[in-house]
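In the part that follows, the structures are each spelled out as structure tokens.
Paired with chain B in one complex and with chain C in the other, chain A is shared by the two complexes that follow.
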Partner chain A sequence: MAESISALKNGEVEIEYKKSSQIKEIWRRLKRNRTAVVGLFIISFIAIIALLAPVISPYNPYEQNLNQRLLGIGARGHILGTDEYGRDLLSRLIYGARLSLIVGFCSVAFGLVFGVLLGLLSGYYKRLDGIIMRIIDILLAFPGVLLALAIVSILGTGIVNVIIAVGIWSIPTIARVVRGTVLYIKEMDYVTAAKALGESDFMILFREILPNCISSIVVYSTMRLATAILSAATLSFLGLGAQPPVAEWGAMASTGRNFIFQAPHLTLLPGFAIILIVYGFNSLGDGLRDALDPNLKNV
Partner chain B sequence: MVKYIFKRLIQLIPVLIGVSIAVFLMIYLIPGNAAEIIAGPTATKEEIQNITVKLGLDKPAYIQYLKYMSGVLKGDLGYSFQTGQAVSKAIAVRYVNTLSLAIFSALISIILGVTTGIIAAAKRNSWFDRLCMGISTFGISAPSFWIGLLLIVVFGVKLKLLPISGFNGKIWTADGFIHLLMPAITLGFGSSAMISRMTRSSLLEIIHQDYIQTARAKGVKEKIVILKHALKNALIPIITIVGINFGGLLGGAVVVESVFAINGIGRLMVQAISARDFPMIQGSVLMVAFTFVIINLIVDILYAAIDPRIQYN
Partner chain C sequence: MSTSNEVLLEVKDLKKYFPVKKGFISKKVNYVKAVDGVSFTLRKGETLGLVGESGCGKSTTGRTILRLIEPTDGIINFDGENIVSLNKKELRKKRKDMQIIFQDPYSSLNPRLTAGEIIGRAIDVNNLAKGKERERRINELLDIVGLGARFYNRYPNEFSGGQRQRIGIARALACNPKLIVCDEPISALDVSIQAQIINLLQDIQDEFQLTYLFIAHNLAVVKHISDNIAVMYLGKIVEMADKNELFENPHHPYTKALLSAILSPNPKDKKERIKLEGDVPSPMNIPKGCRFYNRCPNKSKICSEVEPELKDMGGGHLTACHNI
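Up next is the complex of A and B:
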């Protein structure tokens, strides 16, 4: 009791206290959502596998053994079989998890930096809104992965270029989500108060408005991670992303396609891994949306 | 209504110009320059210079853009760096295939999505409802290439029921229909999952409204209550998602065409990207984007026609 009173005397501590209780409340709501828990479990599981890849992987994912080519599931010493070069499929899938997570996080981070900035400017400054939104309309005129494809065609193939391409592709949608939230927040009393106190636009944007956009950004980014991983895998499948022999799930499914008659698991298992991770992020995103702000249900 | 359509058409112009500028600029953004790519790695400086002049690459960018656009308006999209073939000719053949695939898969996704959505809503919390929602979650998360490969393994390789490639471009023939069935299911699967979820949730929202209870109280059969009274009002969000998805199907076609070796714009684009054949990439990206924008316009006009609550202004 005495502790909390002394804490309340200090404004900073009070804010800290509120924040931690907010996080607890969000966590409580998230825990109640069964789908979100499943999503969180899947993501944690894959993240741990990715992190411990060198320790838990039974073989080197690039080690070839031509005497043990195209072994099926359950083969001795290779629980998920081997590929056309005799490389252990389980080890390649484990290392693939690393790449998928890296690609997903990097491309979404790339999209966030520019998308959030454009969304903030567009929502806050009426003068810029028209022009930024027109540019975004143009970018949104390229359906599905077409924009990412067009960008890869300019930058060239390769995993880094795919990260940039998927990142740029994420910008327009992130900017739209942030702009929508800014338009709503900038009419709030505390923003008007900050303006009346003479705070600079920079401070208002980054200290008053941005922190209040965080929940929608977190929810949207989680969902976008699923899309980013899926798109990057698709680009690799098309031969435009990670190139063989890199252990990347999309590229593995693509090369496995050549052996679809003898060893369908070479192409189906990497695809299943993609489904698992995408499902994980989608479910977690759904759960976070409900936990952070039920009003965001239609975002 | 006419005024609304006219207004939407006017709004379309800046987007179309913007898209064409973005596509035109692609050639400027590539590392190196187009003349070097055409001339090849062994070309002399003179040869590169000749190609630069021949293509007009030495002229100011806006003049090149105007020249490019006047060509586009006349149906001239340039010539392939790789084969020398007219881009518009190469695209024309493949455009029909891509559009056939997109329309066929849209139909499949609507039939599949709306039917399963209605049954799932009518039998809420039943095993069918759970199964449908489980499959739709899976459908949203699964990459289309994986679904395609799975169908190939099951229906093509194991059961030998359907051909795995070789669409002849004629969907109206039995042979064309059979060849396009698996690709269309693959492409439409994700979309049908979303339509199914939307149909279920919007029906469930409507089912609890008073007029539905009144209809039930009057003794109207449950089938008619759902199909006639509820579905009519649940249609708007369903049409919205169908509209959004149809555009997405055009983008998704890129992948499905590659899996089933269909000669469509998507496959052409992927091949052109690998070969760095820029006029072909520009032409195909432009055509797909233009089609997407026009489909979105048609969908918008359809909403306004169907839902009187949407204001034309």
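Up next is the complex of A and C:
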């Protein structure tokens, strides 16, 4: 780049504008948003814990020690106490972070693949819009977690099926969000210009429209991660997701419920972990929404 | 401006009706007749100014000619080929010969691409250049529109409205078009910038032998840049003539009213201002007879019965009025 400038300007000194990376700009704006930073901090904290689980967890999360059952917080050797089988609660919480993140990311990724594609098609092609949106209306008509519940009942219990169920449940709303953005973007003059230049429908969809939908997709999927983790935990709580002895926050809260009077921390701490991760993703999503708008500079 | 006699664009009886749908099964209940039988010819190197009030179908005409909007009916002969009869693939190959410049410089550039990438994409789509040649061409185009190669890596939000419009022009120029439809390219700009853009458009027209269809509602600007001017009213051309002829000797009462609305820089200049009564009829419900009947100051009986045809009043001055 620098060569061609000097060649063109015959040695004349020109101020060179470097391609300021848009990611850098987004990061700069995100840093100024306090809630987003808090959210990002929480998420990174949990992610690091999940990543380093085998290194940092004091005990094997599945190791039972029936001599030390239902220890309270602050017990010797078990900072957060133990559960009904004498398993270390802190270790179980650390391993549970792994599962929550995996379930969240996988199910949202699953929903994104289909949701974005459906949204793009129904937003761009008027003919497909009616059919796709009616199917989505049907999926949306099922109240909340009930759809995921129904899917899990059909597929059977287990963590993979929870991922699929929560993923399918995410498709309609993701498709709606993408469709709305596409409807707005496709009326932009630069899309008309692309058409006038001879770009094909495929090129217009994936090179002009999709990149401009990314910000709403990123924001929505961040928020959706929170919902996905929450509903996966709900399914586990209801006994349809992770099966014992797997360390999963929802399942831990569920089994802890039986001992809520003797050892309330067995229910409260996994619940608190869920709240923390959901809050983290939600506030990060909020901050991203502000930071990702390319037309808001220096705000 | 060098105008040859070779016809580049010939539009015959162009129509665009937008269906109005209602109800659950999307029954077509009516049509908005945005363009209702427009015909004109454009010679190579010529500029035709298309004027008219908002909603009269100027922009729709421009975009229909490029088939950015599919025409309902009519013939568009461009460079010896009927654009309307081309299939999708043939049309895409033809597209590079006819480009468009937009009114709104803010929505006409993809905010995710740099200026260089925007122009580069125009080159890539039509396989016009590769590698170093491509870079050279992009820098050359940036230079032509007066921006310079140092703006290559900047994003649209780092430019002003006038600079954005220049990028839009560079993009249109990138594939060496023959015709450029200028869809109110200056209406959204400051007055001082308007002059710069107009001059730029005239410079590149001379340099690259471009033919313009210049859509605008500012008559003074249109007079400055055009060779011929067509006045549109409710989807039809009501008068078309050489620009000087049209300004000095307007025939149609609507043209007269439009011209009387131009402000004079001389405050002592007391012109007779023709004020039109009433509103434009809805393009969904066009009245029988002359479209201008309800607002016309000198109507006669025949006007409400028969729609006037566009007739040559001598010297290529076309007018659609019964009472000339």
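Structure notes:
By our rule, the second predicted complex is superposed on the first by the 272 of 299 C-alpha atoms of A that agree within 3 Å, B and C clash if a C-alpha of one lies under 4 Å from a C-alpha of the other, contacts with A are read in each partner's own complex, and residues count from 1 in each chain.
In the analysis below, a contact is a pair of C-beta atoms (placed from the backbone, for glycine too) under 8 Å apart; a residue touches a chain by one contact, two chains touch by 3 or more.
It should be emphasised that the depicted structure is a prediction, and the values quoted were computed from it without experimental measurement.
In the superposition on chain A, A:V162 contacts neither chain B nor chain C.
Of the two partner chains placed around the shared chain by superposition, neither chain B nor chain C is touched by A:I46.
Of the two partner chains, neither chain B nor chain C is touched by A:A97. Of the two partner chains, chain B is the only one that A:P143 touches; chain C does not reach it. In the superposed model, A:M203 lies in contact with chain C only, and not with chain B. By the document's definition of touching, neither partner reaches A:A228: not chain B, not chain C. Between chain B and chain C, it is B that contacts the larger number of residues in chain A. Within the superposed three-chain model, A:L118 lies out of touch with both chain B and chain C [touch as defined at top]. Taken together, the two complexes place no residue of chain A in contact with both chain B and chain C.
Chain C contributes residues 63, 66, 68, 92-93, 95-96, 98-100, 102-104, 107-112, 114, 121-122, 125-126, 135-136, 139, 143, 148-155, 157-158, 168, 171, 175 to its touches with chain A in the complex.
Considering their complex, residues 14-15, 18-19, 22-23, 26, 29-31, 137-138, 140-146, 149-150, 152-153, 157, 247-248, 250-252, 254-255, 258-259, 269-270, 272-274, 276, 278, 281, 285, 288-289, 292-293 of chain B touch chain A.
Interface of chain A with chain C (complex): residues 1, 4-5, 8-9, 14-20, 22, 188-190, 192-200, 203, 207-208, 211-212, 294-295, 297. Here chain A touches chain B in the complex through residues 134-135, 137-139, 141-146, 149-150, 152-154, 156-157, 226, 230, 233-234, 237-240, 250, 253-254, 257, 260-261, 264, 267-268, 271-272, 274-275, 278-279, 282-283, going by the rule given at the top.
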